[in-house]
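Heads up, the next two complexes both have chain A, just with different partners, chain B and then chain C.
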Partner chain A sequence: MNKLAEIKGIKKWFALLLTYVIVQLLVSLNIINDYIMATITTICINIILAVSLNLITGFTGQFSLGHAGFMSIGAYTCAIIIMRYPSPLSFIIGLFLGAILAALLGFIVGLPTLRLRGDYLAIATLGMAEIIRFVFLNLDITNGAAGLFVGVQYTNWLWLYVFTAGTVILITNFVNSSHGRACISIREDEIAAEAMGINTTKYKVIAFIIGAFCAGIAGALYASYFYFIKPDLFGFLKSIDILVIVVLGGLGSISGSILAAFLLAIISSLLQSFPEIRMVIYSVLLIVIMLFRPQGIMGSKELSLSAFKSLGSIFERKNGGER
Partner chain B sequence: MEQFLQQIVNGVSLGSIYALIALGYTMVYGIIKLINFAHGDIYMLGAYIGYFCMTYFHLGVIPSLLIAMAICTLLGVIIERIAYKPLRNATRIAVLITAIGVSLFLEYGTMFFVKANVRSYPPLKGILTHSFKLGSIVVTAQQILIVCITIILMAFLQFIVKRTRIGKAMRAVSLDRDAAELMGINVDNTISFTFALGSALAGAAGILVGIYYNSINPLMGILPGLKAFVAAVFGGIGIIPGAMIGGYFIGTVEVMVAGYGNSMFKDAVVFAILILILIVKPSGLLGKETKEKV
Partner chain C sequence: MKRLLTLCVCFLIAVTLIGCSKGNQNEIRIGINYELSGGVATYGQSSVEGIEMAIEEINNAGGINGKKIVPIKYDNKSEPAEATTLANKLITQDKVVAILGPATSGSFKAEIPVANANKIPVASGSATADDVTVTSDGKVQEYAFRVCFNDSFQGTVMANFAADNLSAKKAVIIMDSSSDYGKGLAKNFKDNFVKAGGSIVAEEAYVAGDTDFNAILTKIKGLDFDVIYIPGYYNEAGLIIKQARAQGITAPVLGADGFDSPVLLELAGAEALNDIYFTNHYSSLDKDPAVVKFIEDFKAKYNKEPDAFNALGYDLAKFVCDAIARAEKLDGESIKKALEETENFVGVTGTLSVDEYHNPVKSIVVIGLENGVQTSSVKISP
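Right, the complex of A and B next:
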């Protein structure tokens, strides 16, 4: 049994490495051009944001409408540092500093507001993100509404992949740990969880800190790939965008979030040629999906290889029956 | 002192508009516990309908106001029937996402039809161009119009909610939906009626803001919508007098911050108030503490 787990673990790492090598090869061979790479970058950043928000909203059940605020902190911190000291090392330092600052803010905001429930928490986090945006709009160091022109690009496929895979692995492992189960129990019934001896505030704050940390990383990656950031990029609409990915994929499903990030990127690039009607179609899609499948694509299930296998065995059995 | 009084006058005019929008939020939240994000966009549509009535049909302010209110009422009911009613028993988050979808649809749908550019209201005629001086305080006729219409509408709303059968049904449904249904109240119609009332008030606020600020655009509803929601939370969400008080308070604070401090920070202050009130007294100024039940 141990051996099997070992083999499975090795297989997983091998698959991760293989994905990286294949895409890197395609980039080197120029099969993936700049346009496709920009789409891939958007997808990766969205995966980080969605998976981390899924930890807060999907697994812990705390409704947050301020994820873009955490993202903007990472983006601005990293941008300011790499504009002063443009080097790959300072990119990594800026990225982690941004993520830590975002996590710190997650902690500061989390402690008092997490006493709130449901809609009130959503509104408080929304207010928090708006305040962050207004602060960035008024500071000198962030250049106000005009935004910052970063000018250097350090985000490449290596860093993108490392951090995306890192976030997914971190959050998957967290959710599957005893801490993760504590978070899920808070989502299911907060009072019952408390009665079982779970320190609900502690776990809510932990979820917020991890979520904010990852959002900070996503912001830093964004800032050093797309050259240019301004406060309006991280407004209410961005938070909604992230939430839509999470809900579309299914609250409490990490693979659902990843799937939805891909799906939305495909939809939005298909609609690229109709800029005027694009947001209208997007919003109608949103309404229709909510009306007909409110639990999202995956519900709270996970997509995995074993799921395919069991599907396959059902299929085989059916075939066998016919024979 | 005079400057202070002048700011109060300006604050009350702006506060009236926030109060009108906040009433719709608070009623809808009170009855189905939904933050209706599309409410700010109904207000935007009200402004556009008023603009078209006044520019292309050369109607006066009051007829345009009534038309805008009527069309917004209809829209509110249609939105409720199509987008929210099928989700009556779904999770809260699903309904909220739908509300956001409706909001985006109204914003970008309007943008598609009328284009994104800012439009300005036609110049007002007659008595509405006057302004009155009380000492050194200037009160424009538009401000008087805004405050008067707001007070009339609020009185009318109070009458409906407190003195009519449908108002009684609204109060009953917001107290306990299942029990109200058992008493023979048609819950669906009552909810639709609530949306109708709220949308009519938002439509009125839209046209008043068009007259006051004289410029409208398809995304104008987002920020006032959020601020009106803050006003509703401040007064105690679900409580009608609370929304009025909250609206006037937020409007006055905003004008004061812009007048005495930095106008760039006026929006941040509103949200800081929100977080503060949520931490200190989440149920709002007039709200009652509710005990948690297992």
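Right, the complex of A and C next:
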């Protein structure tokens, strides 16, 4: 049994490495050009954001509208550092510093506000994100409303992949750990969880901090890929965009968030050539998907190899019936 | 399951349809990367109207050296990141030789590194921030161009106009402190007004979105001043003018291209809009035959009066096509060289030459309003 688990683990790592190598190969052969790479970057950043928000909203059941605020802290910290000291090392330092600052803020804000529930928490987190935005709007170091022109690019496929896969692995493992179970129990019934002896505030704050940390990473990756950041980019609507991915993929499904991030990026890039009807089609598609799958694409289920196997057996059975 | 399948099929069809657009040798592809939806969609849409009209005119006249211009238009949703992505798409997939847009400084800046890396020139009609074509350490962004003057120039011109034409000695500044545009204009106006022998008696600030300015106006009412300078956008400026006139402040009000909108008239009312002067890219009162023809053609095509963004978009397309026609070869490097060598290009928004920092040297117009109607326009050369 132990050996089987070991082999499975090795297989997983091998699959991860293989994905990286294949894409890297395609990049160096120029089959994946700059445009596709930019789209992949958007997807990866959205995956990090959505998966980390899913931990807060989907698994722990805390409705947060402040994710863009955490993202902006990572983005600005990293941008300011790499503009002063342009080197790959300072990019990594800036990235982690941004993530840590975001996590710290998550802790400071989370401790009092996570005692609130439902709508109240949503409004408190929304307020926090707006405060962060206004601070960036009025500081000299962030160049105010005009924004920062970063001008250098350190985010490449290697870092994107490392941090996206890292986030997904971190959060999957967290959810499957006893801490994660505690978080899920809070979502299911907070009073019952408390009665079972779970320190609900502690677990809510932990989930919030991890979510903020990952959002900080996403912000840093964003700032060092897309050259330009300004406070407006991290407003209320950005938080909603992330929430849309999470809800579309399914609250409480990590693979759902990943799938939805891909789907929305593909829809959005297919519609780039139709500016007149772009937002209409995008919105209609969202409505249609939500009408047919109100629980999100994946619900709270996870996509895994075993799921494919069971799907395969259903098809086999069907085929057998027709015969 | 069936529904899912239908959806998948729809996607496949969409993908193949989009994959089909391939170019040929007898056309010149130009990218259009504009804000067609999102926060500043009006700027993008107006610019693109001007651009499309210009390209249509060039194509009807036989194109450039016998080659038709094919515009490839994408919407960047008013997001800088999307502008970067689309610049990549236009260059790597659509193989354009130049990109027009985006309209706002931020999105345009986000596109420039892509242009430099791929050696494809990009040009904007309305990115007016001072640091667009020059980096913070003073280096020129090699492949970035624009056809509009920068913000500081407007502040300078208005200060001189106030001192010389209106013989003002004392000024009050009421600025929009939430935008870089407002801050930049205020600073340049102040510096140059003082240099011209005037003095600033008061500096007040507001934030975009404010609606009640009576506190500020009561404060300045008791002061002795000749003009009020309002560097900001039409939304607040309209209300400030209305409230100032209601309080009995009759001093001339000066502004910048942010005043150029029909909304100003709606908000302030015709009777309040007296003695208003603002700097702008072009004036519809201009009797220059090129401008008169542009206005007529534009009205015939779109059935409305052209605004500054329409005119700038029109000039932008003509400016880039003029360079393409002069370029030795049809590649980014030659076109960039031709753009740099532009001398006395005659546009609707004035005659321009490109300086060493890729900024246009062109005249500016000061428009005067009486009863809400444009009654005077003074052209000031740099």
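Note that the second predicted complex is superposed on the first by the 313 of 323 C-alpha atoms of A that agree within 3 Å, B and C clash if a C-alpha of one lies under 4 Å from a C-alpha of the other, contacts with A are read in each partner's own complex, and residues count from 1 in each chain.
The working rule: a residue touches a chain if its C-beta (ideal position, glycine included) is under 8 Å from a C-beta of that chain, and two chains touch if they have at least 3 such contacts.
In this text the structure is predicted, and so the values were computed from the model without any measurement.
Participant: Considering only the touch criterion stated at the top, classify A:42 as touching first (chain B), second (chain C), both, or neither.
Facilitator: A:42 sits against chain C, while chain B stays out of touch.
Participant: Who does A:123 touch here: chain B (first), chain C (second), both, or neither?
Facilitator: Only chain B; A:123 stays clear of chain C.
Participant: Touch test for A:137: chain B only (first), chain C only (second), both, or neither?
Facilitator: The answer is both, since A:137 touches chain B and chain C.
Participant: Quick one: is A:279 in contact with chain B, with chain C, with both, or with neither? Answer first, second, both or neither.
Facilitator: After superposing on A, A:279 lies in contact with both chain B and chain C.
Participant: Looking at the overlay, what does A:243 touch: chain B (first), chain C (second), both, or neither?
Facilitator: After superposing on A, A:243 lies in contact with chain B but is clear of chain C.
Participant: For A:151, select first, second, both or neither according to whether it touches chain B, chain C, the two together, or no partner.
Facilitator: In the superposition, A:151 touches chain C alone.
Participant: Looking at the overlay, what does A:294 touch: chain B (first), chain C (second), both, or neither?
Facilitator: first
Participant: Which holds for A:251: it touches chain B only (first), chain C only (second), both, or neither?
Facilitator: After superposing on A, A:251 lies in contact with chain B but is clear of chain C.
Participant: With both complexes superposed on chain A, which partner does A:29 reach: first (chain B), second (chain C), both or neither?
Facilitator: Touch partners of A:29: none, neither chain B nor chain C.
Participant: Show which residues of chain A both chain B and chain C reach, each in its own complex.
Facilitator: Touching chain B and chain C on chain A: residues 137, 276, 279.
Participant: Using the touch rule from the top, collect the residues of chain A that touch chain B in their complex.
Facilitator: Residues in contact with chain B: 57, 63, 112-113, 115-116, 118-120, 122-124, 126-128, 130-131, 134-135, 137-138, 191, 236, 240, 243-244, 247, 251, 276-277, 279-280, 282-284, 286-287, 290-291, 294-295.
Participant: What residues on chain B touch chain A, complex-wise?
Facilitator: 29, 33, 35, 83, 86-87, 90-98, 100-105, 107-109, 111-112, 222, 226, 229-230, 233, 262, 264-265, 267-268, 271-272, 274-275, 278-279, 282, 292, 294
Participant: Using the touch definition up top, name the residues of chain C that touch chain A in the complex.
Facilitator: 3, 11, 14-15, 18, 36-37, 39, 73-75, 77, 79-81, 84-86, 88-89, 91-93, 105-107, 109-110, 112-114, 118, 129, 131, 135-136, 178-180, 183
Participant: Along chain A, where are the residues that touch chain C in the complex?
Facilitator: 33-35, 37-39, 42, 137, 143-147, 149, 151, 153, 222, 225-230, 232-233, 266, 269-270, 272-273, 275-276, 278-279, 292
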